[in-house]
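In what follows, subunit A forms one complex with subunit B and a second complex with subunit C.
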Partner chain A sequence: MSDVTEFPIMVKNLTRRFGKSLVVNDLSLSIPFGKMVGFIGLNGAGKTTTIRMMVGLLKPDSGEIAIAGYRVPSQRDSMKSHIGYVPDRPNVYGWMRVQEAIDFARAFYPNWNPDHCERLMKMFDLDRSQRAKNLSKGQGAKLSLLLALSHDPEVLILDEPTSGFDPLVREEFLQGVLAATSERRQTVLFSSHTLADVERLADSVAILHEGRLVLHSPVDSLLDCTKRIRAVLEDVSSARQTPPGMVFQQVSGREWTITVEKFSRDQVEFIRSHNRVLQIEVLDVSLDDVFKDIIRGTRGAA
Partner chain B sequence: MRIDPSTPVPIFQQIADGIRGAVAAGVYRAGDLIPSVRAQALTLLVNPNTVQRAYEQLERDGLIACKKGVGMVVCNESIASARNGVDQAMRMLLEQVVQYARSAEINRTSVDRLYRDAWNQSDKRGQSR
Partner chain C sequence: MIALIRKDFRVYRAAFIAVALWLIVILLNPIVNAIIMTLQSGSNDAANVLEDWGMAGHWVVICVAAVFGGCAFAIERRDRSAEFLAMMPISRGKILASKLITASVAVVPLWFIASCMLAGFCGILQSLQFMQTTACVIVLAFGISWLCSALTRSPSISACLGLAGVLLEIVLATQVHEYGYSNSYIMNLVRISAAVTGIFCFIGGCIVFTWRVSP
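Right after this comes the complex of A and B.
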């Protein structure tokens, strides 16, 4: 398969139910080599379930998964030495000292790279003799990251790695991810609720809503092409004609705000010529705005 | 330089504006190296491609140039053009303020007063830091 190396993370028509509820619904996502993707969605959107299926901890009901070219779950054991996974909670035994945890982990990986491990030790400033349970939250997360990176994996998957961190630790942790991945050109998927982090770090963003992928787009083109158009309505009671490409609209008093994708001047002209509006302006948006409006728009359409 | 993803100004633009401002303020002078894409990305905690995009814009505008085997250096005529760029950005912002004031029917005297207040506030904050 030639497309597996081109897309180290590939998921096709993935579906998973828990009882009656459809948690992941026909999800397809391909992440190109060397790219960092932010995986976002509300709580319960299916992010962690998707990630657990990707790393082989949970069986899908149907669909295909290929990670670093290996089929999951059938080739899970061969796949393991090619990925690094940082789960949403610590995965190191509390009684182990940092050095013991490293020795323990390295036994699982034929491709463990001691030099790289040492470099990460220095970069993250970890104390070998500390017991894992005595590490601060941030230090614990850095240890998880070190264990996930020391075998030089092609793919790195992080499940909400910074939730509950204080700002300083968050910054150090993300710096670690950025330093490690930009040097090695890894393909990275990280789920997060912190959209500011996704906007800073990710090449592209994948939005999951109620188990479905509603958008996968490069961050810069998404922000270049999504705009909010704000118009002042002359007559609030008359029906409004919305332009093509509308994602979400909101009326508050006389102020009418329309979020559009694939922005062009034609949309502004459409609003002007089909509605009685007094003033019209076009505003840039942040990823936070885009995410909220897309989710609200999806809800409105359902 | 500070990056704020919560504002609608794209991050690459914030980086480009930041460097333009730093050149105008004399932080970087003609011939000075600016940080490499990777170093800048790590300091600002942003995707290296975003820094790259900012540098490309500055290169197109003639503010910085690639010096082989060295890195990105500030061009000779940069200070004047950076000043120009900053002036232009200021002018645009102030035009918006004037436009806003007109639509909200705030008169010129009030705007002058608000503007002076804003300076004073900023000075006060600067002293208490």
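Right after this comes the complex of A and C.
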């Protein structure tokens, strides 16, 4: 693997099985320096398994991983000073008070930034004397984020950190991520089920389905190039000719909806010329729609 | 390293409290009894009491060693705090050293106190063989439970397996005794086999913990 400085997160042909189940299947993903990537997929798509392999908590069956220039798992100990990891469930020692957890972590990071830590403490409004086991889910995640960010890591990896949060706590958490990462050009990978968060935060999105990476694209260009074409059919029973670049199609009564990638007017003309349609219109789509249609399309193709 | 040791003392806190309670029972109870007996009769009864408690103390240390070995890794794996620790830039060698130091702080003084009680009233030479044997059995109990702790997420099962190893050793020694071998031969056999098995299990636990990717 090369281009370590250009791509602080590099994964190549990563595969992992649990028994007979293939959870991550030949996954390759490179994230450029300073970019924030949303990692999305259905439950069981392999997101957490991939992330756990990236941070050295799980051994891959095959494939290569390089995080911040270190091979994982062989150089995982050297890598740890350079990454911040927020797990899906906080795992700080329950008996530790917030201040104790900070003191404990500080002892092991040579580049611990106390000023940054203090800023985050104020931003997250954490009670120093509270034990980790008594923190709410949101506060526990904020503590994990604080510990992950206070040593100024080059790479930040967040595994569904906001799942189960109420909207207010989620907003505070995301603000924290944005504020912390925007001033320090960090490379961020975060998995989430909340696509609105991904749309808001991420530069690009990686969609994982059944262990395979089905799409990795900048969010803006994905939303610009993916469109939904809605056509009203003259005759429902006649065979339909789908345009090139179709991701997913659905027929409901006389309404035919087609989601296409790399949208161009030619696709509209194709539909018009090859099918008997009464009316046709092109609609913008949200990331939520794109995700659902890509997954449905992948399922349909399979 | 100090932060790690402090953390391990806190992780082992319940076991340390149990050790402290045992220590009070082992030390205070016989000493008070011995003083009362000496004051009342001035006989050798006091020495006998201390000797009995010294021997009992050794068996307690074996249990304590199994508990500390069993708690080594499993207790943190069970509550997922092992993952928190695994994400810190700490070498696994340091984590192992910290756990060993913490367990030694509990086991070694306890064994020393029990040995002093025994030696003080039976004489060093008379109690030396027993002390050596219990030291080897402590290594066995600790080693097996340490290895099991590196493999499972249950501290209690790991500790029980350590004690089961000790029981198996006793059963095997009894079987050998039935073949008519001398007591000193059997004691040597017990000592060597317990120490070797314990050390191998301990090394095995260290290797498992160091090499496994998942904490």
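As a working rule, the second predicted complex is superposed on the first by the 300 of 302 C-alpha atoms of A that agree within 3 Å, B and C clash if a C-alpha of one lies under 4 Å from a C-alpha of the other, contacts with A are read in each partner's own complex, and residues count from 1 in each chain.
In the analysis below, a residue touches a chain if its C-beta (ideal position, glycine included) is under 8 Å from a C-beta of that chain, and two chains touch if they have at least 3 such contacts.
Because the structure is predicted, anything quoted here is derived from the model rather than measured.
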(message) After the superposition on A, what does A:D26 contact: first (subunit B), second (subunit C), both or neither?
(response) neither
(request) Could you look at A:M36 and tell me whether it touches subunit B, subunit C, both or neither (first, second, both, neither)? (result) first
(request) For A:D152, select first, second, both or neither according to whether it touches subunit B, subunit C, the two together, or no partner. (result) neither
(message) I'd like to know which partner A:V92 touches here: subunit B for first, subunit C for second, both or neither.
(response) second
(message) One more residue to check, A:P73. First (subunit B), second (subunit C), both or neither?
(response) second
(request) Pick one for A:Q279: touches subunit B only (first), subunit C only (second), both, or neither. (result) first
(message) Show me the subunit A residues, by the header's touch rule, that subunit B contacts in one structure and subunit C contacts in the other.
(response) none
(message) Taking the touch rule as given, give the residues of subunit B at its contact with subunit A in the complex, in rising order.
(response) 3, 5-12, 38, 41-42, 45-50, 53, 103
(message) Going by the contact rule set out above, which residues of subunit A touch subunit C in the complex?
(response) 55-59, 73, 76-78, 80-81, 85, 87, 89, 91-95, 103-105, 107-109
(message) So in the complex, the part of subunit A that touches subunit B is made up of which residues?
(response) 36, 171, 174-175, 178-179, 182, 195-197, 199-203, 219-220, 223-224, 279, 283-289
(request) Name, in rising order, each residue of subunit C that touches subunit A in their complex. (result) 2-3, 7, 10-11, 79-81, 83-84, 86-92, 213-215
